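Okay, so subunit A shows up in both of these, paired with subunit B first and subunit C after.
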Partner chain A sequence: MQFRLEKRREPSQFMLYATPVAAVALTMIVGAIIFSLIGYDGLGAVREIFLTPLTNAYKWQDLGVKAAPLIIIGVGLSIAYRANVWNIGAEGQYIMGGLAGTGIALLTYGMTGWWVLPLMVLAGVLGGMAYAAIPALLKTRLNVNEILTSLMLTYASVQLIYYLIRAPWKDPMGMGFPQTRLFSEAARLPTIIPGTIVHLGVPIAIVVGLVAWFIMTKSVFGYRMRVVGAAPHAARYGGFSEHKTIWLALLVSGALAGLAGVLEVAGPFQRMVPGFPTNYGFTAIIVAFLGRLNPLGVIIAGIVLAITFVGGEVAQTTIGLPNAATGIFQAMMLFFLLAGDILIKYRVRRVVPQPQAGAA
Partner chain B sequence: MPYRLELTGITKRFPGVLANDNVTFAVKPGEIHALLGENGAGKSTLVKMIYGIMQPDAGEIRWDGQPVTVSNPKAARRLGIGMVFQHFSLFEALTVLENIALGMDAKIPARELEARIREVMTQYGLLLDPHRTVATLSVGERQRIEIVRALLLDPKLLIMDEPTSVLTPQEVEQLFEVLRKLAAQGCSILYISHKLHEIKALCDTATILRGGKLVDTCDPRQETSRSLAEKMIGAGLRDITRAEGRSIGQAKLVVSHLSTQKAGHFDVPVDDVSFTVRTGEIFGVAGVAGNGQNALLDALSGEIRSDKDAISIDGQGLGMLDTTGRRKRGLCAVPEERNGHAAVGDFSLSDNSVLTARDRLGMVVMGLINSGAAKTYTGKVIADFAVKALGPASTAGSLSGGNLQKYIMGREILQKPSVLVVSQPTWGVDAGAAAAIHQALVDLAAAGSAIVVISQDLDELRALCDTLAVINMGRLSPARPTKEVSVEEIGLLMGGVHGATEVHDAIPA
Partner chain C sequence: MTLSRRNFVKVGGAAMALPLLGTSAFAQLEKVKVGFIYVGTINDNGYNYAHNQGRLYVEEHLGDKVETIYVENVPEGPDCERVLRELAQQGCQLIFATSFGFGDSVVKVAPQFPDVAFEHATGYMSGPNIGLYNARFYEGRAVCGTIAGHMSETGKYGYIGSFPIPEVVMGINAFVLAARKVNPEATIKPVYISTWNDPAKEADAARAMIDQGIDVIAQHTDGPAALQVAAERGIVGGFGQGADMSAFAPETQLTAIIDHWGPHYLASAEAVLAGTWTPGNTWEGLKEDVVQMGPYGAKVPEDVRAAADAVKNGQIDGSFHIFTGPINDNTGVERVAAGVTMTDAELLSMDWYVEGVEQPA
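Moving on to the complex of A and B:
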C-alpha cells in the first residue's frame, strides 16, 4: 500500500483550522512518550504543562500576564509574515522598546502626572520601530536579507542593556547590582484587577489583536500585506511597491514589539534588569504561526503558549522537569504545525499499486 | 499490419470532471495523426496517459497490437514513445550537449553521445551546434534540442504538444519538414494542436475531442478549417463583428524612445521603442517569445517606470507614474501570465478585482475596502463575460485558464480604460473564449479606446489589428497597416532579418 500527496483544487478551510489543534494534540502525545522514555512522569508532565494552568484559577492571572506580550508581538509578526517579510528580531525590538521606555521613566523620575506613561509608551513604540528600521533600510537599499540582520541586531540590543544598567543608568542606591532604580509611581503600569498582577497591558493586547484583525481584513493596508505575500509580481502590477511594503511590515512589527517591551518594563518589571530579555520575541514567532498569521488566531495562540510557560514552571516544582522542557514542547508545537500545513494544499491519497509496464 | 497505438474506451475522471469519456482511436505506423480540441477538451490528459504520467480509470492501451500498462514516462520511453512538451525543460546556462545528457535515462559517454546527436541532426536536417549555450538560442532552436532528445531514443511514436505556438512561420515550415521525414521512415506522430491550417497542411488523420469525448475522426485535408472548427467547438462559429462606424481618430497613446534596463541575466529589455496608437485603433505587436515583450508590457503598465515623456496619453507624460497612477489616467494593462501576475490564485475573484479596479471604481473609502462594491463589480464581470465560476467568492486559482483570462479581460475592459495594453490575450484559451475576448477588444476600440495587443499568434493579430509592428531583440519595427504586410514579411521581421548585425552583437561569445 502506498500513499501519495495530491494537490487540492482549493486550499482546505477545514485543515487551515484543524492543523493548529492537531499540532497541540500531537505535541501532548509525543511529549508524553518522550518524557516517559527518558525517565520522567510523561503523562504528569503533559498534565502539569497543559492542564494545570487552566484548571488552577490562581494561575489565570499569570496566563494573562504572560500572554499579553506574546500576543502583541505575535500580532505584529503575523502582519509582517503575511507580506513575506521575515522579521526574526522582534526580541531586539522588544528590548529597544523597553529601553526607550526606561529612558523616559528615568528622565521623569520623581515627577507625577498622567502624561508620563503615555510618553513612555510612545517612546517604546518609536524605539522598536527605529530598531526595525535598520533591517528595512539594509534590505531596501542593499538587498541584505532581513532574517540575518534583524536576528543579529537582537544580540546587539542585549549588550546595550548590560552596558546601560552597569554604567549610566545604574541604580545609585542599588548596592552595585546591575539594574536601574525602581520607576516612580507615575511610570508604573496600573493593575486593573485589584489584588492580582493583571496589568493594563492585558486588555491592551486584546485590543491590539482586534484592531489588527480589522485592519488586515478590511483595509488597503491589510490587502497590500496579503497580496505582496501571496503573489509579489501581482502586487507590483496592482500598484503596491515592494520597498514600501518592506518598510511598512518592519515598522509595524517593530512598533508592536516595542510596545510589548515598554508595557513589560512598566508592568511586571518596573525597572530595567539583566533578565529583561525573556525570549518573548522569539516565542512570538511560534505564536504568529500557530495563530495562522491571523490576529484573532494570534490571541488564542498567545494564550496557548502562555499556558506552556506557566505550566512549565509548575512542572519544574511538582515533577522536577528541567526548564528546557518548556522550550522542547514549544518547538514540537511549531514543528508539528509546519509539517501539518502541507495538508491545507494537499491531501493524502492511497495509491493502489499498478502492475509494471508490459515492456520490461 | 497492427496499429502502432490503439486506445479503446479510455476514461479518466478527476474530482468533479470527466476528463476523458470512453475515447477510442488508433494511430497507424508512419501516420501523422492530429489530436484536435479546445483547451479543456481532454487532449493533455489523454496524452499524459499515453506517456505514462497518469493512469486511465478504464480502457485499454494497445502498443503494436499488445495490451500494455504504461506505468511511468520511463516505461513509455522504453516502449518507444517520445514526447516533446510545449514548455521546454532546459537549463539556460548549460550547453545543448549537457542538456541532452542530463535528460537521458541511460548514461552514455559524452563523446559517444555527441556523435549520436550529430548523426540524428544531419539525418533530419536539425541544424544546431551541440556546444552552444542554451541561453543564446532562439525558441525554435531550443525546441530542436527537445526533438533531438526524443529522437535519440529511436521512438516509434513521437508526441508533439502544441509545438508551433512559439515559432515563426519559417520555423514552423522547417519543423514540418522534419516531421514529414520522420513519418516517411515509419515513426508515427501524434500532433496536438488547435491551429487548423497547420493540421490541414501536415496531418493524415485528425481525431477531434470535445468535452472529453471523441467527436470525430476524419481526414483533415478533406475538411475546411471552418468545418473542423465547428466540430471542435460544437456550434457554428461566430465571426468577429467589426462595429460599423469605428473610426480611427487622433493620437492617444504616444511612446517615444522608450528603453528599459536589463533586469535579469536572460532578460531582454526594450531598446528605443517608439510608436503611436490612435483612438479606436488596435495596434498589434508581433514577435517570437522572449524578444522584449515582457519588458514592453511592464514599461507600458507602469511596473517599470521610465522618463516622464517616454509614454504619454493625450500629450500628458506619465512615464514616471506607477501602475496605480497610470490607471487613474485611464491606462489599464493585462500581462501575459495570468496566475501570480494578472491575478492572485489564492485570492477570491472579488479580492482580485480590488487589485486593479479599486481606484477607478471607488472601492476604497478612507483606506478601507468596500467589499460590497468589489463583489458587485466582480458579479458584473462574471455575468458580462460569461465567466464559468461559482461566484465572486471562488478563488482565481480554481478557474480554468480560459475562464480566468475572460475574468481578467473583463475586469480591465469594464473599467472603460481609454488605453488598454494586453499581452497574449488568448494564450491557452479555447476558441469560444478567444472569440469572446476578441469581440470585447473590438467593441472597446469601437467605443474610442486605443488598444495595444502584444501576441505571438499571427492569426490573432492579423484578424484583430489595424496596424502591426514586430518586436525583435527589444527593438520595434516601423508600424504598418495590417492589410499591407504579408505573413512572409512579418516572419522575416520576427526572425530579426531587419537588424541582422544587432542580433549577432547581442549573442555572447
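Moving on to the complex of A and C:
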C-alpha cells in the first residue's frame, strides 16, 4: 500500500490554530502511554509535568522567570521566521547580549545610579544585534546560508565566555572559579513582586510580545516581513528589497535575543558563569513554532515550555521520573506540531497501483 | 481562585513568608526527608553515581526512618535555586547540594528556609544553616601519581579538568608531585573543558593529548570517557574517578579513586533526626574511609602496587603528606620550604601549579 501527500488548495484556518493545542494534548496522551509502558506512573508524569506547575501557586514565580527569556527570544525568532530568514543562532546572540551587559556591569562596578541598568540593556541589545549582523552580512554579500553561520557562531560565543571569565573578567574573590564577580546593586535587575524572584524581565517579556504583535499586524514593517516570507516574488515586484529584509529580520531577532541575555544575566544570574548558556536560544525555536510565529501565540507557548521545565523537576522529586523525560515531552510537542502542519497543508491520499495490462 | 495578578501577589507572598515564620531551632524528628541535587546524571558511573550511592547508603541504614528524593542534571545557575526551593517545599529537612557551582544558589535559598539543613559539597560559603563537606581527593591523586611515575614510558601525563578551581588544581599538583618522586623528569598537561560531564568533550581532549605523546591519563570530570579512549588507543593506562570504572576499561584502569560519601550522609541524616545538626565543615580522606582506592589493574606489577600501598598507608597513618615541601611552582620559584606542610587553608585556595605542570592555556 502506498500513500501520497497531495497539496490542499486552502489550508483550514481553524486547524491552523487548533494544531498547537492538539499537539500539546497528543503529547500528554502519548507521553502518559509511553511512560506507563516503561514502568512509570504515566498519568502521574503528565499531571506533575503539565498541571502541578499551574495549580501550585508557589511555582508561578518560577514559570514567569523561566518563560521570560523564552518569550523574548521566541518573539524575535517568530519575526525572522515569518520572513523566511532562519536564524538558528539565537543562543549565540543571547550569550553576546549577556556578555555585553556583563561588560558594562563590570566597568561600572561599585557605582550607583539609575543609568547603569539601562546602559547594560542597551549594550545587551547592541551585542545581540552585532552578533546577528555577521550572518546577515555573509548572507547578503556572499550568499552564505544563515542557518549554518548563525548556528556555528553560537559555539564561538560559548568559547568567548570561557575566555573572558577565565582571564580578564575573573572574580578576584572566586577561589579561582571561572566566573565574574557579583554585580553591584545598581547592575542587578530589581524584583517587582517583593518576596518572590519575579524580576523586571517578566513584564518586559509580555510588553515585547504585545508590541511585536502590534507591529507585525499593523505596520508596514510587519506587512513587509509577512509578504517576503509568504510570497517572495510578489514582494520583489512590490519593491521590497530582499537584502534589506534579511538584515531587518536578523537584526531584530538578534536584538531581542541580546535583550533576553542581558536581562537574564542582570536578573537571575547577577554574574557571568560558565553555566550561563542554558539553551534558551534553542528552546525558543520550539516556542516560536508552537506559538504559530505569532507574538501573542509565542507568549502562550513560552509559558507552556516553562511549565514543562518546572514540571519536569517536580516529576523528578515526586514520582522519580528521570530528567530526560522533560526533553522527551518537549520533543514530542514539536514533533506533533510539525506533523500537524504537514496535514494542514497536505492531505494523505492512498495510491492505488494501476493494474498492469496482461498481467493476469 | 482566579489567576488574577492580585491573587498571584497574595499567594506568592504568603508562600514565601511561610517558611520565615518557623523558629530556627532544629527539633527532634521521627523521620527525616533528605533531598539531593546532582549536576549530572546518576548513571554517569562516576561523580554523581557516587553521590547517589551515598544516598542509597543512607536509605539502607536508616530504613523507614528516612525518605530520600533527588533531582539530577541540575545546571549550575538559577535553575538550581528553583530546585532547592522545590526540595525544601516538599518537606526536606536536609538537602545536599553536591556540586561546587551550586554555591551561589545555596547561599540565596538557605536563608528563606531556616528550618532546613543545607550541606554544600566542595564549596567555601557557609552560613547559619549551610554546612560544607568535602573529601581529600588529592590523597587518592597521590596514589595514582605514584603508579603513573612507575609505569609511564614517556613520562608525560594528561589530565582532563573541568574548571581551574583549587579542588582541581590541587589534584593535578598532588598527581605530578607523587609522580616526580619516582620520575623527576615527569610532566603533566592539564586541559580544562569547562564542564563536569560531557563524554564527547572528555574523549576529544583525551585523544588530542594522546596524539601529543602522553601515555597515562587522569581526569577530574565525572564519567569514564577518557578511560575508554585510553583503552581504545592502547596507552599505558588511566584511572577511575569518583567510582570504580574498571567495567568500562578492564585492562586500562590502573586503579580508581572512589568517593564514599555514604558515612557522611548517614551521619548528617542521623544528626538531623536527633535534632543535633549544626553546620559543619568536614574534609575527610583515606583515613576516614571517605576516599577509597579501587582494586589495582591486572597490569600493575607487584613492586608498583607495594609503592602505591606505601603512599596510601602513609597518608592513612599520617606519616606522609603529599604537600610537604620543598615544593617549587612551575616557574621555578620555591613555594613551600623543605619540611613544611601546606595548611588546609593554603590548599583550599591553591591557584598555582607545581613544577612539572605545563601551564594550561
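Everything that follows uses one rule, which is that the second predicted complex is superposed on the first by the 334 of 360 C-alpha atoms of A that agree within 3 Å, B and C clash if a C-alpha of one lies under 4 Å from a C-alpha of the other, contacts with A are read in each partner's own complex, and residues count from 1 in each chain.
We take it that a residue touches a chain if its C-beta (ideal position, glycine included) is under 8 Å from a C-beta of that chain, and two chains touch if they have at least 3 such contacts.
Worth saying up front: this structure is predicted, and the values here are computed from it rather than measured.
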Partner chain(s) touched by A:Tyr17 [first = subunit B, second = subunit C, both, neither]: neither
Partner chain in contact with A:Tyr237 - subunit B first, subunit C second, else both or neither: first
Which of subunit B and subunit C A:Gln61 touches, first, second, both or neither: second
Subunit B versus subunit C as contact partner of A:Val220, first or second or both or neither: first
Which partner reaches more residues of subunit A (counting touched residues only), subunit B or subunit C: C
Contact footprint of subunit A on subunit C as seen in their complex: 7-9, 11-13, 15-17, 35, 41, 69-73, 75-79, 81-83, 85-87, 89-90, 100-101, 104, 124, 163-166, 169, 192, 194-195, 348-351
Residues of subunit A that touch subunit B when the two form their complex: 9-11, 218-221, 223, 226-227, 230-231, 233-234, 236-239, 241, 354-360
Partner subunit A, residues of subunit B touching it in the complex: 15-16, 52, 55, 63, 66-72, 75-76, 78-79, 301-303, 322-325, 327, 333, 335, 337, 340-347, 351, 354-356, 358, 364, 367-369, 371, 395, 397-398
Subunit C-facing residues of subunit A, complex: 57-58, 60-62, 65-66, 162, 166, 175-178, 193-198, 268-269, 271, 273-276, 278, 310, 313-314, 316-318, 320, 322-323
